[in-house]
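Notes for the one structure printed next.
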Amino acid sequence: MLEALLVMALGAIVLGAALGYAAVRFRVEGDPLVEKIDAILPQTQCGQCGFPGCKPYAQAIAKGEAEINQCPPGGEEGIHKLADLLGREFKPLSAEHGIEKPKSVALINEQTCIGCTLCIQACPVDAIVGAAKQMHTVVASQCTGCELCLPPCPVDCITMEPLAESVETWKWKYPVVRLHPVQKETA
Amino acid sequence: MTTYLFIILGAVLVNNVVFVRILGLCPFMGVSKKLETALGMGAATTFVLTMACGASYIIDRWLLIPNQLEYLRTLSFIVTIAAIVQLTELVIQKTSPVLHQVLGIYLPLITTNCAVLGIPLLNVALRHNFLESLLFGFGSALGFTLALILFAGIRERLEAADVPVHFRGTAIAMITAGVMSLAFMGFAGLDKFK
Amino acid sequence: MSALQRLFGFHGGVKPAYHKEASTTAPIAVAPTPTRLVIPLHQSIGGPPRPLVKPGERVLKGQRIGSADGNVSSAVHASTSGTVVAVEMCLMPHTSGLSALCVVIEPDGRDEWIALQAFDYRAATPTQTRDYLRDAGVVGLGGAVFPTYLKLNAGKQGKLETLVLNGAECEPFITCDDVLMRERADAILRGAVIMREMLAAGQVLVGIEDNKPEAVAAMEAAARAVNAASGDDAIRVVAVPTRYPAGGAKQLIRVLTGIEVPHGERSTDYGVQCFNVGTAYAIHEAIELGQPLISRIVTVAGNVGHARNYQVLFGTPMKDLIALCAPLPDSDRVIMGGPMMGFLMPADQVPVVKATNCVLVGSKKLFPPPPPEMPCIRCGECAKVCPADLQPFEMYWFSRARIFGKAQEYNLFDCIECGCCAYVCPSRIPLVDYYRFAKSEIWTREVEKEAADEARERYEFRLLREEREKQEKAAKLAAKTAAGREKAAAAVAEAQKPAVTPEEDAKKALIAAALERVKTQKELVHPENTVDLTPEQQAEVAAIEARRAEIREMAKPHLRQDD
Amino acid sequence: MSEPEAIEVTRRESSVLRISMRTAAIMLAFTLVFTAMMAGTYKATEPLVAASALAEKLRLIGEVLPPGAYDNDLMADAITLAPQPALGLDDDTRLWRARRNGVPVALVFEAAARDGYSGRIGLIVAVGSDGKLLAMRVTTHKETPGLGDYIDPKKDRNKARPWITQFNGLGFAEVPREKWRVKKDGGRFDQMSGATISARAVTNAGGRALAWAAEHRERLFALPPDGRFEGKETP
Amino acid sequence: MNNSPYFLQPASVQSVMLRVLLALLPGIAIYVWFFGAAVLVQIALASVTALAAEAAMLKARGKPLLMFLGDGSALVTAWLIALTFPPIAPWWLTVIGVLTAIVIAKHLYGGLGQNPFNPAMVAFALMIVAYPSLMSQWPAVGFTDFLPQWNAIFGTRQLDAITMATPLDALRTALHTADARATVAGVLGNDATFGNIGGKGWEWVAAGYFLGGIYLLQQRIITWHMPAAFLATLFLISGGFALYDPTRFVGPSFHLFTGGAMLGAFFIVTDPVSGCTTPRGKLIFAAGIALLTWVIRTFGAYPDGIAFAVLLMNIAAPLIDMYTQPPVFGHKNKRGGPP
Amino acid sequence: MSMYKDIAWNGLWKQNSILAQLLGLCPLLAVSTNLVNAVSLGLATILVMMLSNFAISALRALIPYEIRIPVFILIIAALVTVVDLAFNAFLHDLYLVLGIFIPLIVTNCIVLARVEAFAAKNGLRASTMDGLMMGVGFVWVIALLGAVREFVGQGTLFSGIEMIFPTLSGIQILPVDYPGFLVAILPPGAFFVLGLLIAGRNWLEARANRRVREHRQHDQPPPANSLPA
């Protein structure tokens, strides 16, 4: 009994001291993982994931408090990347957080806009310009398509327009679905 | 000399920790999705396991046996291992945060990697001396690492295979592990020539 | 001349049936000017040119109608004289079937040139010459339509060992370079001499596949003449073994010089540069005759009664061209380029552009639809024939599963899309389609990533701004009450790091708060988020402001009521 | 190094020491409590555990020698065997001597066959004082599961009459030494077709054990308890 | 409509697989000659089972039935199973083997082209582990009576009379388990089992497979790398050890002409799907199989190591492939210049 | 109350240590060669999990973060040793059956994982409940695995039960001349059967998900069972 206590006590003192020392000496600051996760998120800042922006969601994932399948704008692609980064299993997009939509931008109907500035306050990326009581306009190249400006508008003058494809942005389709629209001469 | 070689070869191939001794499966399944992380985990485990074998030999030989405290073996071994793991974790956390994050929950779980406790206990059972203990630990860890990276190689390719939906992920990984262990059964009988 | 050249091989390659005889029996003919020319503004790699003409304007043949925009871009010219009837979106000769901005010209039949003037490149600086070529719209006619002026830059050493003229023409059916070399060898070499001088190249090697003996003979004769004139033996014509894709720039350079130019690096840094013979001819025309690039030789072949090469004005509908060659009734598609690398056209009325070396008419009989795709059995045939030494099945394996990172690890971007792998695959997998798909996905992703990064910055800036405003408001509020003085000091001290003595601090805080009050009021009127915009965005904003002013005028009565 | 920085560092140094001490103390406390708990349990269960271990050993012996067959304290009446090559043993082992009313009844000892299909087969054997093999059991083996493992009665499909029981009660009187082989080798004993090697190994080992016991029986019974038998001393 | 290239070389998976089956025929003919028509029964049994299993799996996975059933890959797997299993194995052994090969080793991984392990060898390994005795019961050479063989396959009786250990099995058993006095020469002298090279009849069957292999090489279905590396390595290692101690190690002619060596060299090691694909990878892969085969044959518990060796190298194949990529165009000698 | 329901649901299915988290695989695969072994070890594991979750939840305020792992391990190992000794002394027959597998519980990943993830953050009752439910989740999987392997491998069930209850005996389910399928009892069989079990779970999950989605479409609230892991 006594030997047992002595032997274990000896070990405990040595290990405890070493660990305590190491814990202080090798403490790390900051969390590089959050940055890595945030870099994957689409930065739409739409809040559909249930967090007030992409960064908070990234922090929640890093802490293990959120699933990786809650960001609809990031889509399956984003979930795959997160799963890869974190070594977790892929999961399909969680239905309760929304569905993946084609990328769109907001368009303000300048005829109806009353210049209330409510949309300006709502836009997380400052993509709307205009002043009080003046018509407002979305800078399309900066709009992330988060739709946050839609609800506050009192006259419902904002609509989401899917981005049109051009020869420059056209993508080769996945080979299984081969689509070659043969257009009849229009003129 | 050849006995030492046989100890290592036997531990790596014939009695592979994962496929034959069925130890260390949780990290084997969990950290084998990518080759890089598998290598990292393998390296970490090799380090910890070799250290653990050395330390546990010393403890057993000079503390437990002289005092007839064999019943403290499990406890003292596992606590020592935990401490070694914790130290390793802190060092990795400081030196390579990314590796640390990727190994995630598995680094502290090296402690509960059965292999890390099982191999020192086997050392005692097989009455290995200090050098043999170290080599056995090292060889087993090599076997673990080998299994891990081979598995990771296959899984990286499997990722793109047209596996039936319900088998995607861990289910097919299990089956793959089964075939791998079947293949390792081919080494059966080689150890009787030690 | 050609005898002593040591040749190197390249890995892989295939030998498909060539089908070239049909279109080489007759000499080059000039295709008639159509009733309507549709000239796309974007005909080369790089940024789309800016339109210079408006509907209704009269243009002359060779008049610039689109000017180069940005670092990589090339001008576009009117192919004949006539009236601009529209500048509008028209169907492009592009697989997507999408439209882009085109200048539509109704020819007046007079075919009236602008004033032609040769360019004295010897008197000009290299930069001037390059600018001239850019404005003359000269781009690579070998298929890649990369602006030629960018390639006429001797790179790090300031000189080149070898200038390679690519007359290999390895694709089946296509013979435009072949006939060009037979008929206009002198002019090609005159262009080559200009390029050689600009690049300070030691030798010029003309690589021609050995299945074109007439072209080799014609070029050799011309080369003898040029060499005799210059007194050195710089230009040599080399017959290279016939094997697709011997005409790929990298493969030809390798065959002729043994040099391998890795993907993503400039061949000039390795002492070589490669041009298509048609490009050389275009340079000759541009510099010595002063004619910008407005036409090219186009092979019309495939499912037609008599295949032939035509000199075609850009903007000519392919339909008109095909009609000249008696298309067979079972024709069902038009392909731009050859059967190995060509692109399916969305319709036959799309115009001929600078990239159109061949208009290939297809039918089910000629190009039967491939049997259904089977899974890859990793037989390795594709790797055997890949001229880029890639492992096509690995790239396919990961592209198919959309694991693009791994596909890139297997050097997806080294693939030149030659199609050899798909040609031999026993599982009849459209491998190249998978690579094209993967590549465009990866590119899109990069663009999206940039957009995301920008959005993050803007978002963080906004958070910062909001935070600042909140603090300012707090400070203001605190300053209002006399009792809140200390508090204000604390708040401001929090906000501004360098600590100061409390009294000073409180005073400063008061002043700051007062200042901020003014500023916030201003901001309330005009939220300040228009700073840090790029010129384009500012232009966009300005345009919007202008429109807004208009609307405001119209809307005035209604707004008043609300007030 | 500027003044505040230096202060900062010393402060950190001292806190390292403090934290180390603190963690050591906590570790110590936990260790003491839980070791005490274990040690307590150990002490409390020690006699029970020892009794169980004894029972286990007797159970193994009981497999080959029923407890009713002797009345002495087997554990006390045991000697140590030095390595016996004839039994295939490389280490010291124990040999127990069963007596009834002081009269020798049987010897119980370990033996091994080293030519099993997958190496060593460990056996425990009881040989009667009349030279008959009372019973034999396999204690350890690595034979192919489902093929060679029928030598262990627990794995034998024939539960009514396991293969290994066919040796019970046979001595050289019943089966001559040269017939103490498997049938395939021209002997008396059955083997399982397809796994002769395992059977051959066990049968031969049984024969060797019987011969060894016959040769040394007198001396083995005669040695004092806790004595040591070298084997080579007697010619 | 498809994209470029618009015309393709005439080649198909089906024709590849059919030619592999064709190449197996000479070996099969000699096999039947020496061991009886039971071989054909096994082949038929395996083929029917394989096609049925393939069809069921394709249907379950919603894949086009005709296209895949017709590709012939299931038949290759089935034939190889039939040729590696004992000809008188009970019918259910063959059926279970084929089922595991097609269902588990092939279709759970996504079917044709996606399986990381050689399906036929998975079946063999699984079955020899599960039923070691049944899997090592071979008919005696020359015992070609059909009826007893038929009974052995479909009846329940075990026919000891007509079975005999294969040369590999007999040699290994004699050398390593019976008694220390056995020598190679002593065992090989027993000419009930052994001919001069690899046992009576076996060498001729091997020669038949060799012939088929040459045909595959000529048809460019397989490249020289794998068979050459496999046979050369097996030759060198067995030759080396036989020189070192001829009483304990048997020589190359025996190793090359017994068991599955020749079948393996041309038909099993060369499975394109589960093997290595780079030229250097192929050499390493096949040499690895030869080495492991020799080790398992010589020291291991199982009679023929090829199945295990193939599976073991299958495991390593992705890594070998990854690290033996031939240099990509232009990346050979960094910083260019004529080579 | 619903919290306990969630804990139970997590342990039994949603966060099931084996099927969902893939922890504790070694004893699972090594000991599931037959049903009796599997269940016996499972019961011992439940005991250890409950005790350790209880102990650590009770002591969690005293444990500094830096040395939490060694302390957890210390506590678990001590508890396991105590259980081991107690079994040895009082349930000797059971002890003989389980043999070395009891000490092996120390290294069963789920014990530490649950302690770290749950007990260190939650109250006594919840923690004990969590230990119990996680343990039950482990038991049913290992029992199923053991039963399948024993049945396929030998054609029996409950063989070896007489070592625990001497009056009972195993059941021969398949005919006695069933040749057995040895691989099922060997390591490869363990992997295969577990792979099939996981695939089965995936199938059930997928079906449940489909149901939820259909519910959604009909604008009905889905069955609520959501506690973050």
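Lettered A, B, C, D, E and F in written order, each chain numbered from 1.
By our rule, a residue touches a chain if its C-beta (ideal position, glycine included) is under 8 Å from a C-beta of that chain, and two chains touch if they have at least 3 such contacts.
Everything quoted here is computed from the prediction, not taken from an experiment.
The minimal number of chain-to-chain contact steps leading from chain A to chain C is 1. Here the chain-to-chain distance from chain C to chain D, counted in touching steps, is 2. Common neighbours of chain D and chain F (chains touching each): A, B, E.
By number of C-beta pairs in contact, B-F leads when B-C and B-F are compared. The chain with its C-alpha centre at the largest distance from the centre of chain D is C.
Closest chain to the protein centre (all Cα atoms averaged), using per-chain Cα means: B.
Chain centres here are Cα means. That of chain A falls 38 Å from that of chain B. Between chain E and chain F the centroid-to-centroid distance comes to 41 Å (mean Cα coordinates, whole Å). Rounded to whole angstrom units, the spacing between the C-alpha centres of chain C and chain F is 62. In this assembly, the C-alpha centroid of chain A lies 65 Å from the C-alpha centroid of chain D. Contact of a single residue of chain B with at least two other chains is seen at positions 30, 71-72, 75, 79, 83, 86, 156-157, 161-162, 167, 169-170, 172, 175, 179, 182, 185, 188-189. Multi-chain contact residues of chain C (touching two or more other chains) are listed as 95, 344, 375, 430, 433, 436. With touch defined as above, residues shared between interfaces to two or more other chains in chain E number as follows: 1-3, 104, 110-111, 114, 126, 129-130, 301. Across the complex, chain D meets chain F through its residues 19, 22-23, 26-27, 30-31, 34-35, 37-38, 41-42, 44-45, 48-49, 52, 55-56, 145-146, 157.
Against chain E, in their complex, chain B makes its touches with residues 35, 149-150, 153-154, 156-158, 161-164, 167, 172, 175-176, 179-180, 182-190, 193.
The residues of chain F lying in touch with chain B in their complex are 22-27, 29-30, 66-67, 69-70, 73-74, 77-78, 80-81, 85, 103-104, 106-109, 111-113, 116, 183, 186-192, 194-196, 198-200, 202-203, 206. In the complex of the two chains, the chain D residues touching chain B come out as 31, 34-35, 38, 42, 118-119. Those residues of chain A that touch chain F in the complex are listed here as 15-16, 19-20, 22-24, 64-66, 95.
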